[in-house]
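Before any comments, here is the structure.
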Amino acid sequence: MVCIVHLTEKPVLNDPILIEGLPGIGFVANIATLHLINELKTPMFGQIHSSSFQDLAITTDNGKARHPTNELYYHKARDNEERDLIILYGNTQALTTFGQYELCGKILDTAHDLGSHLIITLGGLRRDEKITQPPKLYCAASNTETLKKATDLGAQIIEGQIYGIAGLLIGLSPLWNINAFCLLAETPGYYADAAAAREVLQATNKILHIKADMTRLDKAAQTTHEILKTFGMTTQPPDEKAKEKETYTWRI
Amino acid sequence: MVCIVHLTEKPVLNDPILIEGLPGIGFVANIATLHLINELKTPMFGQIHSSSFQDLAITTDNGKARHPTNELYYHKARDNEERDLIILYGNTQALTTFGQYELCGKILDTAHDLGSHLIITLGGLRRDEKITQPPKLYCAASNTETLKKATDLGAQIIEGQIYGIAGLLIGLSPLWNINAFCLLAETPGYYADAAAAREVLQATNKILHIKADMTRLDKAAQTTHEILKTFGMTTQPPDEKAKEKETYTWRI
Amino acid sequence: MVCIVHLTEKPVLNDPILIEGLPGIGFVANIATLHLINELKTPMFGQIHSSSFQDLAITTDNGKARHPTNELYYHKARDNEERDLIILYGNTQALTTFGQYELCGKILDTAHDLGSHLIITLGGLRRDEKITQPPKLYCAASNTETLKKATDLGAQIIEGQIYGIAGLLIGLSPLWNINAFCLLAETPGYYADAAAAREVLQATNKILHIKADMTRLDKAAQTTHEILKTFGMTTQPPDEKAKEKETYTWRI
Amino acid sequence: MVCIVHLTEKPVLNDPILIEGLPGIGFVANIATLHLINELKTPMFGQIHSSSFQDLAITTDNGKARHPTNELYYHKARDNEERDLIILYGNTQALTTFGQYELCGKILDTAHDLGSHLIITLGGLRRDEKITQPPKLYCAASNTETLKKATDLGAQIIEGQIYGIAGLLIGLSPLWNINAFCLLAETPGYYADAAAAREVLQATNKILHIKADMTRLDKAAQTTHEILKTFGMTTQPPDEKAKEKETYTWRI
């Protein structure tokens, strides 16, 4: 086993947008995509397993064991406005640099095979100071034209480093002839941040045009919080040492 | 060399159950499977070598060098009750996450090739408080139906994380269309725990129906203890630091 | 993804010399090759991506995300004196030993395919004491004949270890039937050192015979300095601990 | 590049014995094999390069850069007594467990291809107390019959762990149908120990029957000492911390 994409179905999609929703700072992407999956009742069509995920099983109160995995869902537009979607959801990113590149390569292969030309990666931007509500949005993109799409959603340009899958996908996507931008909401980052998730989702939806009830987003945040607890992830404010290693704290 | 399964024989087995018995907390699985191998005089039909095992040789008082390895044994039912078995025994798990996934993949390939549909992983569940005798049993499974088999043996459902091969096998087995459950006995975990091994073995045997004398199980615990000593593994109660790293302490 | 050379063009070159210019001590090679790229307006004909580079994206003030990469440029001689060049420029070396070997193998494959018989690796040699201007030059080579070329440029023979790509390329090049020497200038090493870069470039040019204006070299140093800042690289003098790890400090 | 055996010649040998002489504790194997290479003027017929060796070049006073490598030499018997030999000499072992397994696999492939049925690995056994001269010899072997050969040379059976290539080769050799034993001499271990090297070599020679002058062995120790200095290896007695990590101190 190395990094395997296991498709149970190959959906026929019309220029789908891939939304990346793996765990990260504030679990913003995780909450936002879980909400879409719940609301749209999107079918799961594949799983990604990697030997760079943790080597353990996690059991829940029903005793069924789960292991670290990424899941692929799709949504077919229900009217002329909605966009076809591929949703990447999961309970982990890869543990190593090598594994992250390998995982990104597999995600980009899959997006390319399904005819995607745009990837939106979601996430949180950690802020130590008090965050005004609604939290501000930040963005970066694989090229100038795609950046325009993100700034049109009300996001400011971010300067600096974007760690993990959210950053790597926008850096590597041009090699697959795919455009990509990331949309990050300010967050304290140490709990499942529903407000930040709502903000990135509402902004993204100006492109997706998905008719989804936002009232139940808190439920997705609550579920995410419970999954975190199962995985033994702390939800206390990080101390200085933890902050240094923040790229790790949000990985399972 | 990466991870190689070296079969000296391909046994013809009837719907065999694979019992995982690699070193882990309290060496519960190690003792239990060594006892089965001793009592049933099961033939070894293969070895697994991995570049993720330690790079050393261990010599015993007869001067013969051994290296870290996993071994495969089989048992053919001797009457209408007994089940055919594949026993995975060894002196190590893999040292890295990558190696653990690779090893699991090879084990699952082998189980699948030999027609297995059920894997039982054994182990210890570390408890710091005093353990009432007989030690309590805990379980988790790859699906609800298989979980029922484990709870029928008198085990309670465990919530949390199951590290190492015992956890990874039940998490990954569905990808090979194999069911799996783990059975863990409470143990202080810092010595070769014969009582815990007896408990998981007796419970498992309600499924296996193996006619095996349990009186010599202490001998298997003693042998396991001596192997540990050869490998330089400490048998003192772990201090706080060691407990944090318990996923490592039980690997050779 | 592992380590991929992505060529957009295969230039036809006449016995080209490959100049290595990846980030290292004092960013000497980085500045020198960036200056050549700027002055000669050399076309980029390929990129090297590796899963041993960092897993992040870096955004600049225009919001366009970049990821760690190596780039290949070529220069065709404009008169009878100039030599054809392959310039290897980039914002990173590989993070691991394994990745460095893999990257070197790909660079040497490419150099060999394009008909190169000589590689010149540039760099800085860290000195704690005050450096007299112009900084002294040091060299080492893959064989005695090639070493003569380097000492003829006024460089002294260096004794000791040469870390990173600059050293590895001269050690491995004979396996590809390519000669190589390295040219290192003394530098304090903790900032983008234009003076050291000028020195290696002027010496190298006695072989390359490139007509390039050296007055704008400070601009290349300034650009390099700004790229470093974006990558969050410190430009303070290293403390004792940092010096021990100097092979890492100059990697992104 | 991963791990490559680069043969420049395939010698025809008669049941050759492979002598392993990579750097280790006291550099015993290194000195002993270098002495054989010097005295027998054995031709080098191959090199092993691995991406698990260090990523650097080492330059000597003649400015020629060397990189970490393993070399293969052969000796053809000059009379009816001498045995054909394959000598594995080098300036490094692999840096990682994975790399060590990979390297061993390649060594065993080569030994098998050249018709070898016996491998002798040499080394030092670190002793903190004063060592009586001549130093005592210890041994271990892949099987009982081969162990007899080693004890017949006057070596005592060692109990415990044998790290590195010396141990791994005797543990893995049976998978290639090759026998192997190791011969270790007591040594303080922190300098190039000519006395220990002489002891293992004289004992081994009862099997090899090589007519080699032992008077110049000190020269091989001196050369080894100088190579160590070039590689920046300390020759002071190790402190407590260093002793814990002794498996690393003797790797380059």
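The chains carry the letters A, B, C and D, assigned in the order they are written, with residues numbered from 1 in each.
The rule we apply is simple: a contact is a pair of C-beta atoms (placed from the backbone, for glycine too) under 8 Å apart; a residue touches a chain by one contact, two chains touch by 3 or more.
For clarity, every value in this text was computed on a predicted model and none was experimentally measured.
J.: Chains in contact with chain A and with chain B: which ones?
T.: none
J.: Spelling it out: a chain qualifies if it touches chain A and also touches chain D; which chains qualify?
T.: Shared contacts of chain A and chain D: B, C.
J.: Work out the mean Cα position per chain and let me know which chain is farthest from chain D.
T.: A
J.: For copies chain B and chain D, work out whether under half or over half of the interface numbers are shared, and give different or same accordingly.
T.: Comparing the two copies, chain B and chain D contact each other through largely different residue numbers, since under half are shared.
J.: Rounded to the nearest 5 degrees, how far is chain C rotated relative to chain D when their C-alpha atoms are superposed?
T.: Fitting chain C to chain D on C-alpha positions yields an angle of 90 degrees.
J.: Taking each chain's centre as the mean of its CA atoms, how far is chain A from chain C in angstrom?
T.: 37
J.: Just curious, how far off is chain C from chain B if you go by their C-alpha centres, in Å?
T.: The separation of the two C-alpha centroids amounts to 52 Å.
J.: In chain D, what residues contact two or more other chains?
T.: In chain D, nothing touches at least two other chains.
J.: Does the chain-touch network form a line, ring, star, complete graph or other?
T.: ring
J.: Chain pairs in touch?
T.: Those chain pairs satisfying the definition are A-B, A-C, B-D, C-D.
J.: Which bits of chain D are touching chain C when the two form their complex?
T.: Residues of chain D touching chain C: 1, 6, 49-68, 95, 230-232.
J.: Which residues of chain C touch chain D in their complex?
T.: 97-98, 100-102, 104-105, 139-144, 147, 150-151, 157-164, 167-168, 170-172, 175, 182
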